[in-house]
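The chains carry the letters A, B, C, D, E and F, assigned in the order they are written, with residues numbered from 1 in each.
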């Protein structure tokens, strides 16, 4: 039997997925803009950031309404909670993409450090991929995929460490590199944070499927540090 | 109805899932073991094996005809005349489903409140006092005291204390139902069975009734059959989901309402059933 | 509009039918009362009947009627109550119960003269109780039991089964539940059945002719020792009731004022039933109030 | 509760005490003091009135008189269930009765007359005409000299003493054809009184102004004509006992047959006394003349 | 409050006062039922034994009893067989019963509808008490009113003697009217109010609602009422006896004198001797009444069951 | 969305004897969609609903003042035809109340009393109505069996079909699911959601969740007065009135 709620839930789900695509697209564009030092593209990302915020607010409002009007329980409840929580993670991931865009503008046409660029490219590629994967995992309600994505976050953290040590190394060699290095550091940090948010979303996907609230980061951090 | 992902999900979920309260460390006052109920040759309950934790509210939910009411009414053998009940009903270590158990004495300990408020055609006072009088409590002061405490416990005292000698039939539905609860607890039962006690009441009376039950659970073990999922979620610690004469899932209420292990339970509590 | 016209016509017809029925019923009562009331006097109500001269009264018959009514109800009511309780509350709904129920009901359409003759052969002759109020009361019991049982059973049926469950759930026995909860609640409807059957008993003649007899020896209203033959309270004396008296003077009466006495007695009977109805209703209401604080 | 139980037991004790007291002080006469007479409704008023007088004269006795019909009276006396069986017929005439053990006590003579509705214009008939009327050979009163009114027959019930007597002596043994039947004289009279063309028969005492008694073969239905058997339709009223009566029964029957009753009550109720009769009739209808006293 | 299970088991297995009372109640009420059953069995057995004696002791052919038209138990016919043909009375009883039910039904149901649907206030105030009062009027009184009012009226209107099935029908009509009315009213009262509301809410007029819904829903109850009234009419004796004429003849018209089973039984029973053929033949009539009463009951039961199944 | 007001009451008062049960209700209903009337017991919501098709006429001692207009026509005009009104404003009751007839006869009842005899037309209406009421598939093979043999939820949907068969403009429902179990209730709700595109539906419900699930607009009644009426969303998330908020959130009483 089909309920009005089911229609609305499907709509919510679609909106959320769409927002996920949007965010993942923004992240991809931000990474590309950074790697190519494309200030114009970066500026466009900054200008469009409000779209993500608006979508977040719309989705939040919609979930509140659905909770108030339908008092969902079990998987319905978990789906709405997942969206409600994940949407802010996505929005924050979007914020980090905006930060990367800002960094891209700040970076201007400064010199590229090839090793770092390599690392950044790898990180960017991984981040973009993981964002896309997590959206796919959400769409497929695939908690196995979600669990495995947590490993990517660990790799990102690892890369972030590499970027950091590489940057410090370069800074010690070339004091003028300080600004550039800090930008590299920031972008790497942003990408790593995006990875964290993806992990959060993964946690919610697992919750959505199993009802278990798991902490994927803490385990990874525990082993890491 | 749902897409292929659901079919997968369904097969992935369990057929049956029972977590008895003693696994969570609660003392058990009532338990059924290998309980079968037959109406004639038709089996209405297939193995209702449940335990009920002391001073907790347990809700029995399930679609119409799932056997939850039959099960409840078997617990104090109200079904004796119309059904055959096989198996053990262990009340504090005693099997009360034996033929030589005095059912009247047993029912004083395992009281019951019904779907429709059924106050007797007597005064409010007599509704509560008359069963006591028949059991030899005759001292007026003692009766007065029990009437007052029972009505207080049922959260009705303030509304009726000046009308104790008026007919109970004049009470509103919610008040009448609370009077029935007062009447049931006046004989000092150990366990209180409630069969959809709020289904004939409006939301305001229902919430008053729920408040009353939440207070009563300090003193009594309460088992309630309800159609109202929100009600089960609001007041009970444990919830059992019945379907087609079987307990499909029994667990803490929060588990049932956030993370049921059986697909049918999930469909039912989210209104997605049938 | 067609449906509306039809509606008006139909409702009008129903008014007509109801009016006609009321008219018939009132005419009947009116006939009895108009022809009977002028005969009524204190003398008529208290004097004994005369066999073949003018000026007899119906005092003894009136007393007999009430005495017999009370005795018959005293005997039949508890039995009817008990069996109605058993049939409705205890008996399982199977063919045995149904057979008993059917058997009881076919008794109710047996002509009362058959019941009377049976009572005559059994009580009067076999048990050697003679023509007596007690024989009559037993015969009336036979005649009364089926209807009374049926009506009490119907009354019990009107009480919500939930009330029974309420009692049982308190640890009361079925018997306590029935006597303390169900019966008080059923008082008004049991009372209606009681009044109707009392009316029938009061007006019954054929069953009594052969049992309580049709002669009314003079009574000594100063003697209330029920073992004395001329005491009004002696249940072993023969007694002619009002209805039997009406029957007798109409069939064999040779007193010159037979017609007047018969009309007067009919009016007395109707008025007595009316008063009995009112009194029973009033008392029943009080009883119900006391039992239920309604 | 306890108080109420106290009251209840007290009440019960008082009731029992009262009962014992009442039983002790009851009229001791009961043992030999009561007999029952059952049967003919026609005879009932006479026996009842006699019984009351008798009881008045003999304190402590009680004569219980009931109706039920001649058949009932005879079958009960045959069973020995009662002391006296009242009958309008000779016991031998009644089917199913073995008259042997029963002793007949004749207490009155009752004359029976045909009655017709006043509007038939009939005041007298011959026996032949009467038979023709009752066997359905004529159906309109004008055929026997009356007005143009269809004849309506009203019979007494089959087995009734009055009918048996009427058929034997009035219709010369012919059976009446099946027609309306009533089981009491009062009803018969009322019906004849109100139904045009009706004819029936009743005891003399039931003849009132409302109906026309019919003279038969120019003999008027009068007591004088009964006494000398010119009016042939009459019968005895019998008190039957099983074997010779004893005690109170004997006493009472003697009392009824005594002049005290025969000259007063019997006459008052519209009967004749057997002692007045100039003839005597046996069970087969044989007439013997006797020297009746005139009174 | 902690008791050992043994202690608790002991307490729960002690026979309580309630259990004792329960046994007492069962015994008392069962005794009452046994008394009634004994009474019923005794009467039925009594009537049956007496009634069957005609066929067993007196060797009357059952078929000739049921189909014979002549009723003269005191004489024998050409073949030496007693004339005990009850057909004319059976026909009389049926005619009078069916006719009075036919007349009473529209009046009773109309009145019940009026009391219940059209003017409940007036119904309760006037009709209810009057009908209840009428149940108590002795049949003798009905008979005499019939005799002094209805018989002359019939005679004046339809000719004949006035005695007959028509007059009997009129008297019985009035006698069963209160019973059928009050039972019909009960049946109508049992029709849930929401049927009426639903019908009106669909745009039906009051009459359409009554005719198409209320009466239809109450049909089993109404039929039970009518059959019950017929059973009463079938067994009624004194009043009918006074107006029907008591002539054991096959009725040829409604205004000819006729007889019913009860009227012949009541008239004759006092004038026959216990154990004789004449007496046994009358008891056979009583047996026919009993059997008919059984049939009526089975009909009522059947209707009731059908109603329940619906 | 352009909407038209189809039913309006202005200053509607209703008295049972001298007891004022409705104290001046001003409320109008837009064409199509579902409006829920909610409020505590005895607040007058059912009474109000029953004034809209004059079902209160059946209760003796009721007086009504104020105006109630259906498409601009006064429902309480002296010459108003109640029979016609009730055909256009149908009603479904709390207790599923099919007549003790066959399913088919239940559905065509309204048409038959209006004089419709054409068998083909009746057949078509039966199928259409039962389909609209979302019960056709369950009963199509049992059309000539008693409607009383159906489950409670099916009975109630047959009752809805019965109303639809006379093609009303407005359907009033008086707590249509309160006698049903949750499964049947949700079937009724689904049916109503299907109907809301074509009919103006006014439903009284005790079940707040039900109102929130299906209603487009919700009106809150208390003590015979209309406290608040608004989009359901607003009533449940941000009611303007404190009383409404207390009631909705279960803090009432």
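Going forward, a contact is a pair of C-beta atoms (placed from the backbone, for glycine too) under 8 Å apart; a residue touches a chain by one contact, two chains touch by 3 or more.
On a predicted model such as this, the values are computed, not experimentally measured, just so you know.
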Intersection of the contact lists for chain B and chain F: A, C, E
Identity of the chain that, by mean CA position, is farthest from chain F: D
Chain pair bearing the highest count of C-beta contacts: C-E
Centroid comparison with chain B (C-alpha atoms), farthest chain: D
Cα-centroid distance, chain A relative to chain C, in whole angstrom: 93
Whole-Å gap between the CA centroids of chain D and chain E: 35
Rounded Å distance between chain B and chain C, as computed from the means of their C-alpha atoms: 48
Between chain F and chain C, distance of the C-alpha-averaged centres to the nearest whole Å: 51
Numbers and ranges of chain A residues touching at least 2 other chains: 1-3, 5, 71
Residue list for chain D, restricted to those that touch at least two other chains: 41, 67-68, 72, 79, 183, 187, 190
Chain B, residues touching no fewer than two other chains: 104-106, 109, 134-135, 229-230, 271, 273-274
Chain B to chain C touching residues, read off their complex: 76, 78, 104-109, 111-114, 116, 118-123, 126, 130-131, 134-135, 165-167, 169, 180, 183-184, 187
Touching residues (chain side chain A, partner chain B) in the complex: 1-3, 5-6, 71-78, 140-141, 210-212
Parts of chain C lying in touch with chain B, wherever the complex brings them together: 160, 162-163, 165-173, 176, 180-181, 184-185, 291-294
Chain E to chain B touching residues, read off their complex: 3-5, 8-9, 11-19, 22
Chain F partner contacts - residues on chain B that touch it in the complex: 63-64, 172-173, 202-205, 207-208, 227-230, 268, 271, 273-274
